[in-house]
Amino acid sequence: MSIQIKTSTLEPVRNTFAHIERRFGDKPATRYQEATYDVQAETNFHYRPLWDPQHELNDPNRTALKMADWYAFKDPRQFYYGTYVQQRARMQENAESNYAFFEKRGLAERLPAEVRDLVVRFLIPLRHLEQAANLNNMYGTAYGYGTAITQALLYNAMDRLGIAQYLSRIGLILDGNSSDALQEAKGYWMNDAVWQPLRALCEETLVQKDWFELFLAQDLVIDTLMFNLFYVQLDEKLVADDGQDIAMLTEFMQEWNKDTSRWLEAVLKIAVSESEENKTLMTEWISKWRGKAAEAFAPLAIEMLGEDALTIALAELDKRVAKAGIK
Amino acid sequence: MNKNKVTTMAAKKLSLKEKYSLLTRDLDWEFSYQDRKDAFPMEEFEGIKITDWSKWEDPFRLTMDAYWKYQAEKEKKLYAILDAFAQNNGHLNVSDPRYVNAIKLFLTGISPQEYQAHQGFAHIGRQYGGVGARIACQMQSIDELRHVQTQVHAMSQFNKYFDGFQSWSNMQDRVWYLSVPTSFFHDARSAGPFEFLVAIGFSFEYVLTNLLFVPFMSGAAYNGDMATVTFGFSAQSDEARHMTLGLEVIKFLLEQHEDNVPIVQKWIDKWFWRGTRLLTLVGMMMDYMLPNKVMSWKEAWEVYFEEAGGALFKDLARYGITMPKYAALVEKEKEHISHQAWWTFYTHGHATGFHTWIPTDEELDWLSEKYPETFDKYYRPRWEMAKKLEAEGKRFYTKALPQLCTTCQIPMLFTEMDDPTQIAYRDTVYNGDRYHFCSDGCKDIFHDEPEKYVQSWLPVHQILQGNCGGPGVEQVLSDYYHFNVGADNMDMKGSPDEKRWKQWKGVA
Amino acid sequence: MSKVYLALQDNDEARYIVEAIEEDNPESTIIHQPAMIRIEAEGYLVVKRETVEEKMGRDWDMQELHLSLITLGGNVDEDDDQLSLSWNE
Amino acid sequence: MSVQAIVPDYRGVVRDRFENFHGNQLVYVAWDKHLMFCAPFAFPVPPEMSFKSLLTDVATDVFAVHPEFDQLDWSKAEWLLDGQPFIPQLDVALKDQGISHKSVLRFQTPELKGYMGADI
């Protein structure tokens, strides 16, 4: 049968779908493009949601930010589901071998007691912050607009669940699977005075309504401070205290941060360069949440690292904000 | 610094259940600084009573690391096959170019609903206060995104060689027959979070999707379409998890409070009915659009609903749940609906984004054999008439737009099941306006929530109000639906699809 | 008693799993369909890790079952060692 | 029953109000037991239109493709309006004989049995 087929007659009729062609021209499209652009429906919603009658099911007005085209938020990583899970599978394989190595060599037993206490009091409770981050990124997934940004928010939400689970596993490694370390860490999260402002901040983010504002509060402000304080400065302290082996267990978070920063910074730049109105709005939001977060992290940063730690972290945040062209 | 080492302890072996519980369930906390109801504000308005989320049983205890690992493995396999399919011009191996129209209907009619499922599960994956159920919903949300994306990628190759795929994005929220699946998912997504899960997770995923996917994928296998078989079965491997979530949530709601039982029963009745109406499209596809046929719609209904569903409802009887209302009626409908639907599409073939055709003589005989009670008596004469008109050069297309059911939005094509020659009419007057329905099931649904269904975006009425371009149907098709008029629509005979196929195959 | 069932993709991996299921569930029925294998049984069906490992000659994680699973019917109970399907009647 | 929503006063916009049809009303017309036409047709027509004009200017073109149409005698057709027996007045406006927005008109021709006598 195939012998009869003349290759000249097998020229494609078209290279890609009409909406992709309108955006990128008549040429073969990438899988990211076909999986992302104009996938979400835009019009003719039948029934107003019983849970939010002020809006349509898909509605760009669930944030005050305005975009002429919500698909401007191209993900520089070009993650669609397939590339996302394959990238994370590689990271998880690496993490798995690190955790296995750590356990097999009994590295937990070689940790100084102070390091163990430091990790339980300051690192493990972060799993609850990650849980809030999971919910806040799901919020953007559910109520955001345009597949380009909502899918990236979903990947981030799932990443945060994954990180919460890795942090939990660190606890289990330290307590020999008795879950004592996890309970102890939860006790800090719930009752330790230095953690309470941060927990209150997390609870406050969970009752926010504007999804883009929430994205800035969580993924930009809180996460930048959190990452710098816990995975940069605390990490250095652990190394200094003979706890460098813990770094094997947080390598996933380091890699994740590098990857996610690329996306986060692209989104900031695109949103801010859209209009002066967006810039003003974002400036207000960032300054509001920077203020709240600085207060919330302060006692924890001092207790964990000393007086200068928060200043360093805030400088990191300000640098990032400036880089996006916001100040 | 004190260099005391952490005391040695033998690590205790954790079971999957314990590990999952520690890694997932324990992440949540009791709020001290905000009212938890402000963070999870949607749990109460439907009247469902949740007394204790911790009673939620996770059926599959999948942590994210395992999720990434196994899903990446599935994706690697899937894309290897899609690449091979494209490189080897796999589209040439399908049984018959008519087959491709079935997957046009799939991409335009089903893939956008996968996206809506993704959105709906993201919504409840944020809203449920119970962490176990919430995370299961989040995983389903990302799985559903997977499904729409893999489907688009699988169809990408067909789009390069066949008409009717290229405008799926524009068509999804505009085209008249696509408002049937679209309104189904809009209905579920606009409902409260528990109704959504009963609608999609239980009624659709557990009770009905087998009828969508399994025969469809076997059909693709029978018709030489490796791309569709591959994405289909790969998606189904997630579906087993989704089905189980659907069943777990039903059991959970029923066990939480006895007041939930009548609410859940009402939702089961509603969504079973809406689901069977939606599956009319699948029935038609199985009986008419697959050139190599796997099984009839009637047989599929018997295996996948009557047998499997029967077992399920026997199991749920201990909670006081009964078979969905109108299940007995649907048993009669299985003899008719696929024929009534394909005739509707055939006679509206000028306004569909895929091709229609008269079944071949062999196919008519197959239908007679599969439907001995009804086909020759009620439906074969229609095709004899169509053949005669076609032979006279008068291929029949209707000249006006059909009346639609307010609820399911299908043209009023269904007959009384005890008199298959009589269209079924139901209507009601609400606040001075008259509303029409194809069935008691659709009328019941309206009556229960009239303020919801007065909003129905009925395509025929929208066209007649001038909201879809026009004034002529042809402009609606080209300017509003973005069809390539004359290529995407009309009969299979004489279509560009058919001409190209003949060229490829070296047939005159 | 109603039937519980599961269906697997017809691939090499699945053949070992089916073999294991047959051994652990002598009353089950195996039905080969286009591109899939359906296994049904009255009321109860179990897939045991140990038996699958024996058939495959390697370590096998229960969750690997999901790579080949197409559909199932029945109440699911999964742990490290087995996945079972049952109806409560 | 009424809708249970997160707000106490959930109200839907009535999308198919008469006012949205630019002066027309919708009338659905069906020829019973002639399933060549798979469903009733929806026609937007002025409420002032006479019944006769509805038949000759609107319905005829659509139904005329039926092989039995030549044998159809409108004067012998039996009518149902919204399910009730109805005797149309040819020269009276639709609105003046109870045919309102979204009314269903069905006509029956017991002597015409459809293509091959199969109600088609």
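The chains carry the letters A, B, C and D, assigned in the order they are written, with residues numbered from 1 in each.
In this section, contacts are C-beta pairs under 8 Å (C-beta built on N, C-alpha and C of every residue); 3 or more make two chains touch, one makes a residue touch a chain.
Quick caveat, the model's predicted, so the values are computed rather than measured.
When every chain is represented by the mean of its C-alpha atoms, the one lying closest to the mean of all protein C-alpha atoms is B. Averaged C-alpha coordinates put the centre of subunit B at 32 Å from the centre of subunit D. Chain centres here are Cα means. That of subunit A falls 57 Å from that of subunit D.
For the pair subunit A and subunit C, the distance between mean C-alpha positions equals 38 Å. Across the assembly, subunit B contributes 42, 45, 73, 192, 452-453, 455-457, 462 as residues in contact with two or more other chains. Of all residues in subunit C, none touches 2 or more other chains. Residues of subunit A in contact with two or more other chains: 47-48, 50-51. If touching chains are joined by edges, the resulting network of the protein chains shown has some other shape, matching none of path, cycle, star or complete graph.
Taken together, the chains touch in the following pairs: A-B, A-D, B-C, B-D. Contact residues of subunit A toward subunit D in the complex are 47-48, 50-53.
Of all residues in subunit A, those touching subunit B in their complex are 1-2, 4-6, 9-10, 12-19, 29, 31, 34-35, 37-51, 57-58, 80-82, 85-86, 88-89, 91-93, 95-96, 103, 106, 108-114, 116, 127-128, 130-131, 134-135, 138-139, 141-143, 147, 150-151, 154-155, 157-159, 161-162, 164-166, 168-169, 172-179, 182, 186, 189-190, 196, 199-200, 203-204, 206-207, 241-242.
Partner subunit A is touched in their complex by these residues of subunit D: 3-7, 10, 12-13. Of all the residues in subunit B, the ones that touch subunit A in their complex are 1-14, 19, 22-24, 26-35, 38-39, 42, 45, 63-65, 67-69, 71-73, 75-76, 78-79, 89, 92, 112, 115-116, 119, 122-123, 125-126, 131, 135, 138-139, 141-142, 145-146, 148-150, 152-153, 156, 159-163, 165-170, 172-174, 179, 182-183, 186-187, 189-193, 452-453, 455-457, 462, 482, 500, 503-506.
The part of subunit C that touches subunit B in the complex is made up of residues 2-7, 9, 33-36, 62-64, 66-80, 87-89.
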